[in-house]
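Next up, some structures in structure tokens.
Shared chain: subunit A. Partners: subunit B in the first complex, subunit C in the second.
For the complex of A and B:
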């Protein structure tokens, strides 16, 4: 972000802002073409929006498919470190070794790789290697605003299922994985993508023995799980399959408006919807 | 045919002959008279009694249920009244398990979720099909469920043993503590497998455990057998198979929850997870829920929906009510067609199929296309002027009244209670 406005004072204070982003190569679900991975791009977007003092973007993998990485450079990144690994090498060890030298205060990653094993373990293994905290499914990162928190702690907002949000405070350096409902990534521009520099760094990596022990085959969709009730008599099963569920509920015929409202209110309280 | 037919005494010549035989002397002798109480042969089948036992309904036409066991027979149902057959589910006890399978449950909000049940079902597959035993139901392994709250609700889901975590852990979010508790349990019980739901929280704890223990996590298991587990990899385009590893997470909706089983769910008293959990110094803290704008949520995500149909004319009250309740507003197709609500707020077959916990419907008739959209809703409340509307039949609480009168009354009531 070359010509951005000066970040405000609180921003500079907070955690000295040294950010590393781990970027993987994604795969389009339909065409199978290499592309920037969706949540990794959102992680880079969040890193750029934080306006850090130092921003390091790292990819670890074989040099062969490095071209797809240019899509990240097109987002306004000047340089990107490529840890060159042999085909099938485990990226965790070289990444931990590289990050230990950089010692960033914040590491951003996507949630799960779009290609390869995609177990979502990498952020956790890196945090383990660096002795940092892990926070999953982050949608917002900011400086801690409560006055009593220790310096170097950050306020995060985490996405929960059903659209809910949770605020958290984290102390010390941490690894955050980005949730898909974080701010969308900016589009990648062609010019900066060409101009950006990819710096290859040779690294040592052990082969992943577990993965070569697995068998792989194309995924075939499985039949959807039907919620049929088994057991009971034939009559019960027929009823369960054909009848729409009818609540054996309470019926109030022509109550006064107040009585009706009270019944609804009590029912909502009973369901735990209203306090 | 309301009286059960009187049956003749069934003669069993072999049994009678056996009863008359005296084996006292050098050779068997037959008595002239049959013994006073002739033995009844247990193995003889009385077809009339079997029919009588299987009869579940006499009118309007006889209905038989041949799966009912004859042991519970002898009480023919009253004529014309349907009596559901409730066979007692036999309790399965695994007294001396050869190995253990741990199922770490989420129990969001204290309830056993559908995903939790699926995890237990997957754990049962591993426990029952193990190599140490064989045969269904007693493969030698036992399923140990671990969650906050008591294990009573888990007996029917298939849990043999239950480890209760402290109740206080249910409300606050400290994943490091749960991970430490799991690691302590793994050392204490040395289970063969540990299964987690692949949900936001369960998957997070599983990965923490895997990273600390240095074990390989087999994440998002889609298919499971005693000697093979499969998962989706490469963005869902490949299937990866391997022997079941120690740590696995179970994908949502991959296994059918168990049904018609009863296990012990015997509580195990273990202090280790608690101690290990309390010792940890969490780096994540100060967790609190943030208020979210209910109308910004998509209909399929939200938990509480306030819905309007053609019977609503007072849109100002409707909007105020939505705000007062903190509910996401939605409507039937008629309402969206008329432009009272945007199109993405339509519930039903051609709108959104909602999975809310509670659905409050004002002036909706309950057309089949609309009801299809709310099949998954647990609690429905309907307000309609028409007693015979389908929505009234579907609802758990139905109020036959004018929506325009009930809405302001409800708003007033909520404001009153809030200030009180």
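For the complex of A and C:
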């Protein structure tokens, strides 16, 4: 069902590019101090590098930590929209409503917030609300240049695990999350950060009941599952510990549901997660 | 007749010179306003010239002599010639006097010619300066003949005398034309610069030394400052204060800065003389460096830089390439050597402030450091508690807010470095051995902000300074001791502007005091040949070059001096954020400095700064051993078991 708010849903007008960037407030992992979130800053960097006709930077959240947003303004943004939510409000609905009014052809954001729920679900929920596609872990975006592609589609490069890259062609407006290996964000400068304007916009938001139910604890690294191979020569063990398994996976193109499920099941058994 | 002709020519040419100087003043008066005590400055001018300038010029006695002869003879002859116009022309004694001063000037001019044509030091500029000996000889030689002739009653045919006067007039015109863009510019602008200097405290009539950077007001001044580009730091020549522009105009291109610059010696793209000349020509409307006739920034040609008074100074095609700006280690060697008292480092920091605060154009690794510094108050993005990891077994006493102790130990950011931790442990052991009542700040010690400030991030520096000052002012102690000259300089000279006034001593001074008072006894004299590398921030920035040497002598080393030592020491390459900006050159700066140490044949280089330890120890061997002074003192005062 085509969305009424996005009339040109089929194509991106590169000459009149309209980009929205969703920016969250990050936390430094050591000091816990509010800062610009790393991948959100990279998303803004990518948006600035595209030189769009219109660039809208949006943050949804309480006013309290708003000064930390100035780090984004320091990258060269003149203004930033702050959707003011009550403490503990869920940002998804107000963001969807705001983006529906803006109708940008491209929405960029980091892959995961550094604070709050940090589930990485927000881009998917936004895309569902806007009826747009999601492309996760993007490292490069540009207009499609191959002659046989539809005008107004985009060439994307997506980061896959173990340093692999995948080229994609995407047609129509979409939400892209930015991978940490995308081009680094430019430094934030004090002068423009001080001069930039944060425009508060009042927004209605339902309370995020899931988050308020959660217990908050300081972050610590997730324990990693290590598969220690025993036996064999020292060389074998070294190889097992250091060799990358890239390119040895199984690629299924349009598998049947049964074939896909079987492959996942086999993989889980192989990793020892299922008996 | 001859006298009238002479006086007329001299007065006319001097009038033209004055007009040129007034015309030139438009360029530097276009700068930002500056608070200057004009009357006090003008009154101090002769003293500053005779004491401070001569102190610098006198380091090369030959130059000092020819300068005294030429400048003294020239000024005296001009004064006499003008006075002749006032009616004393007929007196033979005046002509004789004129002949004497002209003879002195001629002797000086011959020395100038010898230096420029025979010795030919490679740091001297050519171009307009190449004609200088000819003009000096023409003026003094021709007039000397005329004056001698007149003193003897005028036996020369009048036509010949008039021809000689004409030649002297042409030479004088060439000299005075130099007020515009040539050699004599330095006379006018140098004198005014001495009077209106941006750091009057550096002269003998002030404190004698003034090296701390001045705070940049960050809060907008009224409503005017905000929104205007260039509000923080210097973007265009006109963004400098007028007396700083005047200072650049005083440059005589003698190249002393070039010969001492560590970046230039290592082939990094920075020549301080060219940097100042870039700033000088950029004051013109449509500027290019094509007329510059000295050595270029290494690896960068001449003629590619373009700019103007209202155009950005720094850029890939602008007057100053970013690599040039970020090559400086802020070691102040150029400032120390400059006979015109130009403040190169202030200019570099002003330019860096705009790059960092307004453009975010700090080079990559430095920008990463600054971002971590803002988020964690440590340059490496580590927790403040981890600064004390190296002392886990030493149970250092922490000084709580409201507490008091005799000596507060400021460990600095070297505490995060494995190598520096060794020398800090040595220092703590020495303090224990000597029974010093000391404590540390613990987690309230933040980075002092030295590197951030010199990278232009005044905002991060001031945030750190305000909090450090508050933490220190909440405690009572007699003195602060630190092993880091950068922290020493920041705490001693730059925190007073933020309300922090304490006695700050370097650990070499404290250890010397402890050895002198008998609290530490030398039991095992070192007995090896050691050369001492002066840290820039201890020597040139704070004038402390005696204590480390006395301490080394006290522990029984055979001390050897490098060719460049003391206040004229050469930088290790570790200051001013240079290791972070990491501009490539032909060599590394520490390699150049280690070469100086090798020349002494000493077995060991003693250092007194964490940056120097790290930089010099990074030089590949074979090379002299590198030891921090505290480590040497610890070994020398080992008590017998």
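As a working rule, the second predicted complex is superposed on the first by the 198 of 275 C-alpha atoms of A that agree within 3 Å, B and C clash if a C-alpha of one lies under 4 Å from a C-alpha of the other, contacts with A are read in each partner's own complex, and residues count from 1 in each chain.
Following the convention adopted for this analysis, a contact is a pair of C-beta atoms (placed from the backbone, for glycine too) under 8 Å apart; a residue touches a chain by one contact, two chains touch by 3 or more.
Not measured: the values here are computed from a predicted model.
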Partner chain in contact with A:135 - subunit B first, subunit C second, else both or neither: first
Now for A:161: first (subunit B), second (subunit C), both, or neither, which partner does it touch? first
In this superposed model, does subunit C or subunit B come into contact with more residues of subunit A? B
Determine, under the contact definition given at the top, whether A:115 touches first (subunit B), second (subunit C), both, or neither. first
Quick one: classify A:124 as touching subunit B (first), subunit C (second), both or neither. first
Partner chain(s) touched by A:35 [first = subunit B, second = subunit C, both, neither]: second
Pick one for A:234: touches subunit B only (first), subunit C only (second), both, or neither. first
Is A:195 in contact with subunit B, with subunit C, with both, or with neither (first, second, both, neither)? second
Applying the document's definition of touch, where does A:64 land relative to subunit B and subunit C: first, second, both, or neither? neither
Kindly list the residues of subunit A that each of subunit B and subunit C touches, one partner per complex. none
Could you please specify the touching residues of subunit A with respect to subunit B in the complex? 26-27, 29, 32, 113-121, 124-125, 127-128, 133-137, 146, 149, 157, 160-172, 174, 210, 213-220, 222, 224-225, 227, 229-236, 244-255, 257-258, 260-265, 267-268, 271-274
Subunit C residues touching subunit A - in the complex, by the definition given at the top: 218, 220, 226-227, 231-232, 356-362, 364, 367, 370-371, 374-377, 381-383, 457-459
Considering only the defined contacts, which subunit B positions touch subunit A in the complex? 56-57, 63, 65, 67-68, 82, 84-85, 109, 173, 199-200, 203-204, 207-208, 210-212, 216-220, 222-223, 232-242, 253-256, 259-260, 283-290, 292, 296-298, 301-304, 325, 357-358, 360, 371, 375, 379-381, 383, 387, 392-402, 405-406, 408-410, 412-414, 417
Subunit A residues within the subunit C interface of the complex: 28, 30-31, 33, 35, 74-76, 184, 186-192, 194-195
